[in-house]
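Shown next, in structure tokens, is the structure this report addresses.
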Amino acid sequence: MSSPTAILQMICPDQPGLVRELSGWVASNGGNIVHADHHSDQGAGLFLSRIEWELEGFGLPRDAICPTAHALAERLKGEYKVNFSDFRPPVAIFVSKQDHCLLDLLWRTRTGELPMQVPLVISNHPDLAPMAEEFGAHFEHVPVDPACKELAEARHLELLAHHGIELVVLAKYMQVLTPSFLTAFDPPDAFHQVINIHHSFLPAFTGAKPYHRAWDRGVKLIGATAHYVSEELDGGPIIAQETVPVGHRDGVEDLIRKGRDTERLALARAVRLHLKRQVMVYGSRTAVFD
Amino acid sequence: MSSPTAILQMICPDQPGLVRELSGWVASNGGNIVHADHHSDQGAGLFLSRIEWELEGFGLPRDAICPTAHALAERLKGEYKVNFSDFRPPVAIFVSKQDHCLLDLLWRTRTGELPMQVPLVISNHPDLAPMAEEFGAHFEHVPVDPACKELAEARHLELLAHHGIELVVLAKYMQVLTPSFLTAFDPPDAFHQVINIHHSFLPAFTGAKPYHRAWDRGVKLIGATAHYVSEELDGGPIIAQETVPVGHRDGVEDLIRKGRDTERLALARAVRLHLKRQVMVYGSRTAVFD
Amino acid sequence: MSSPTAILQMICPDQPGLVRELSGWVASNGGNIVHADHHSDQGAGLFLSRIEWELEGFGLPRDAICPTAHALAERLKGEYKVNFSDFRPPVAIFVSKQDHCLLDLLWRTRTGELPMQVPLVISNHPDLAPMAEEFGAHFEHVPVDPACKELAEARHLELLAHHGIELVVLAKYMQVLTPSFLTAFDPPDAFHQVINIHHSFLPAFTGAKPYHRAWDRGVKLIGATAHYVSEELDGGPIIAQETVPVGHRDGVEDLIRKGRDTERLALARAVRLHLKRQVMVYGSRTAVFD
Amino acid sequence: MSSPTAILQMICPDQPGLVRELSGWVASNGGNIVHADHHSDQGAGLFLSRIEWELEGFGLPRDAICPTAHALAERLKGEYKVNFSDFRPPVAIFVSKQDHCLLDLLWRTRTGELPMQVPLVISNHPDLAPMAEEFGAHFEHVPVDPACKELAEARHLELLAHHGIELVVLAKYMQVLTPSFLTAFDPPDAFHQVINIHHSFLPAFTGAKPYHRAWDRGVKLIGATAHYVSEELDGGPIIAQETVPVGHRDGVEDLIRKGRDTERLALARAVRLHLKRQVMVYGSRTAVFD
């Protein structure tokens, strides 16, 4: 369909002339800009930018783009990332026993809707091995002993490294990752690498059993929240949220059933936005350029 | 348009035969049922019912219906209420300085969308007097001294009694009512008489400044919740909730602006459901027969 | 979980006393009603009712319920249907090449969310055989020659009869069924047996290529409509509709992608409502008791 | 609050370097860009751009900006418009008998939510004079004789000219404007000046009595569409659409009641987007930069 593009994401201190600076850099190399999105957060004094341009006709070869962007970022005292639209990064999906998010992500990957590959599925339970394998992913059962979580996470890191994983998606993985795992796989910078789906409309019902608590509270809408994982439980930057109406006839089982649809939609939307490099994090917030 | 109807709401311990019992009572007096809604909460062992029938052709005169329903409720060990569709109960609206919910409620009353009359508007600020008076309501400015809230609430009760008020709507009234006010105006039973609009998607952001906190958290949807008032702050039974998407370009002011629309909609919907006698409370939950 | 129930659906001319009549019939046999829903359409002079009661403790054995309901319906000059909640009717799914609705329905069936079995998948293309077979359904490739559709439909009817199919779901089956097929499989009465998903917000964009036409028109929301099939193309009674926002950045391909989610949701919701016997048809309209 | 800004909207044939060109023009005059939005429509070969920058510190005085932009547009063979955020353009509202959209627009103008002034309300009926006058607008009753519409429209044009009206909002004005009126007030270019609210989810139910037809069709959602007016009835470029669920208990009157809320929301959103200069028209479509 469309020819491949390069995408530059840049976060730097705000100052006049940045749009010209970034678009000028692309244009001076003969690039045709397809999308240019910018956001200034005046409170934080930050400028966020995403520029996407056609590789065809662009003066720099692919492997020269990153170093040049690096120099630009240094000058602007910013953080940056360069990606190419035709690259499908290796993504690992973590699951427990529930299969709806896993199936949805694998199916969307197969249709091409999610531009990624899924070489690896990790679970603390053996149940979903057949589903993972049917879609060509290696399934690894890594039991988690609460008394010695580090053991399991050491294995996780080993597997992630072996498969060259760039993004981890927690697709109803019912375990909390430790800070040391996060430090190792997703060092603190502007570009996060772990996405989680939480089955409530955060910040309502953080923690365990949100549907039971939503039922107890008698809410009229339930929700799901896809967010980057940070050290604070269910406190990371939010990417997407979905809600669905519920009524007095809905028991906890019905909330769980209806919730599955919002979970699938919010998670798939967040993963797609991430892969399209349309999400930028600043502080505990995200800008979504869609 | 349609001829007047009677509405019986009944809450009682669940047992077989209740639908027949209630519909039989209406039918045996020649009533033609327009709506019959029931809900059994198996956990609580409760049966909730709302039956609406045409008064035309009904064997009992209006003033005999309530005593008969009373006897029925006694036999079923339940709580009940009888209303007539052509009665427009006197409702008082409490406000502070913001006018959007007040204007919306007064306008919907004038169009007939809300079957009520508004003889009284009470505020702790004088600002909205002209708006109240333009729609024919008496406006009473009752300043609230935090050190002596009882004084103001004594005046409130006096005014409510004088105008024969049946329902109080807190339309962005930025004061918390005391338990003693609630006990006096809205004694604890199954039929509540005070509705509040809270400017968040409860139970997220209970208490003060929810939009500021929603902005800080970086949520992607904001909401509003209309609920009956109970002694627990923002903890009463929820009647209606609305949400609206927000994005990174929205500052706190934009959240407040967008929130006004959800507040108006959720509050108007809740008040209408209450007036149509379509809401039934059990514990901290509501059944909404719409 | 919950014990099995019986469900009676009845449509008959409206008259006073019908709620008592139906609930009385259940109660007089010792039945405990779980749900009782009624609707009177005053313009059409029709009464629609759905009553669900526990089989445990009910005085009549299962095979005596239908004849008794039959007598009741005769007396009320109505149409009726009796179902049992623990019966999972055999459903056939018709598809062409797109797999999203098929996968979604099969997965929801496996989780128990859709109380049905799917012994048969029919397609005018061979592509989806592996998916059907993986979920244990027999897949039958029945090519359709436009010049001689009757041939294919004769085969369809044969297969449906052989598998004892009660409901046909057209899950992106890109062929129009002939009136003679409908007459044979789904004779004209109050209880329809063929559900279709149309990829637009009906009645906008009936017929072919709705996403292309939606894009041309520049709409800001697209939708999907699940409806019973009637002789009029895309004109049958609507069961469920879903919409999703689109913007100027969305090309036709994006509309198709976003539309898949609304199609899955609307179709799954409609099939579940049908299987729970919560949909009743009158004229070109449905009442949905949810 | 925020300091005033200038907004440049530009539509021109697409070519590489346009983002740099436009942002460079602002930056070379010392402007600090607050928002920069661009869209390329590849099918149409068009580039659409909206740039907003702070006037404080900008090198050109206000009255020099337009001529310079004019020269820029000539060079790019484009159409353009320059606006200033602190200017509140005079807007005329056309109504018939229904007051909900008028009241909503006047109230939002008073709160500052809609950055405009409303010096003039025109109606073919006298009913809404008090409402217009209460908000300080001149009300003019211009009866419309279907046999001689030109007479009324000549008076409209006279009034619009006299009040220096820049935008006309049809807020449930139940008359179709003639092509000659449009040609005179809103000459065909990229910047439209007449917004209408249609009470259906276009393109469903164009023309008269959409709620009645929606009820007949048995839809499960109704909608409202705010669009620029073109010569084709209900065929102009869509700016905003809203939907709301309806059910079998909703009669036509309920659809009309629920529809009023969607109409108010869609129209207010469209007018605000227009006034913020966030809407750009190309062909029969709009790009909305929000």
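Letters are used for the chains, namely A, B, C and D, taken in the order the chains are written, and counting of residues starts over at 1 for each.
Simple rule for what comes next: a residue touches a chain if its C-beta (ideal position, glycine included) is under 8 Å from a C-beta of that chain, and two chains touch if they have at least 3 such contacts.
Nothing here was measured: the structure is a model prediction, and the numbers come from that model.
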Pair from B-D, A-B or B-C with over half of its contact pairs in common with A-D: B-C
Farthest chain relative to subunit D (centres taken as mean CA coordinates): C
Chain pair with the higher count of C-beta pairs in contact (C-D, B-C): C-D
Averaged-CA centre spacing for the pair subunit D and subunit C, given as whole angstrom: 42
Between subunit B and subunit C, centroid-to-centroid distance (C-alpha), Å: 37
Interface hub residues of subunit A, defined as touching at least two other chains: 35, 249
Contact set on subunit A toward subunit C in their complex: 1, 35, 100, 103, 107, 111, 113, 134, 249, 253, 257, 261, 265, 290
Subunit A to subunit B touching residues, read off their complex: 39, 41, 201-205, 216-221, 223, 237-241, 243, 247-249, 283-288
For the subunit B and subunit C complex, residues of the former touching the latter: 16-20, 23-24, 26-28, 30-38, 40, 57
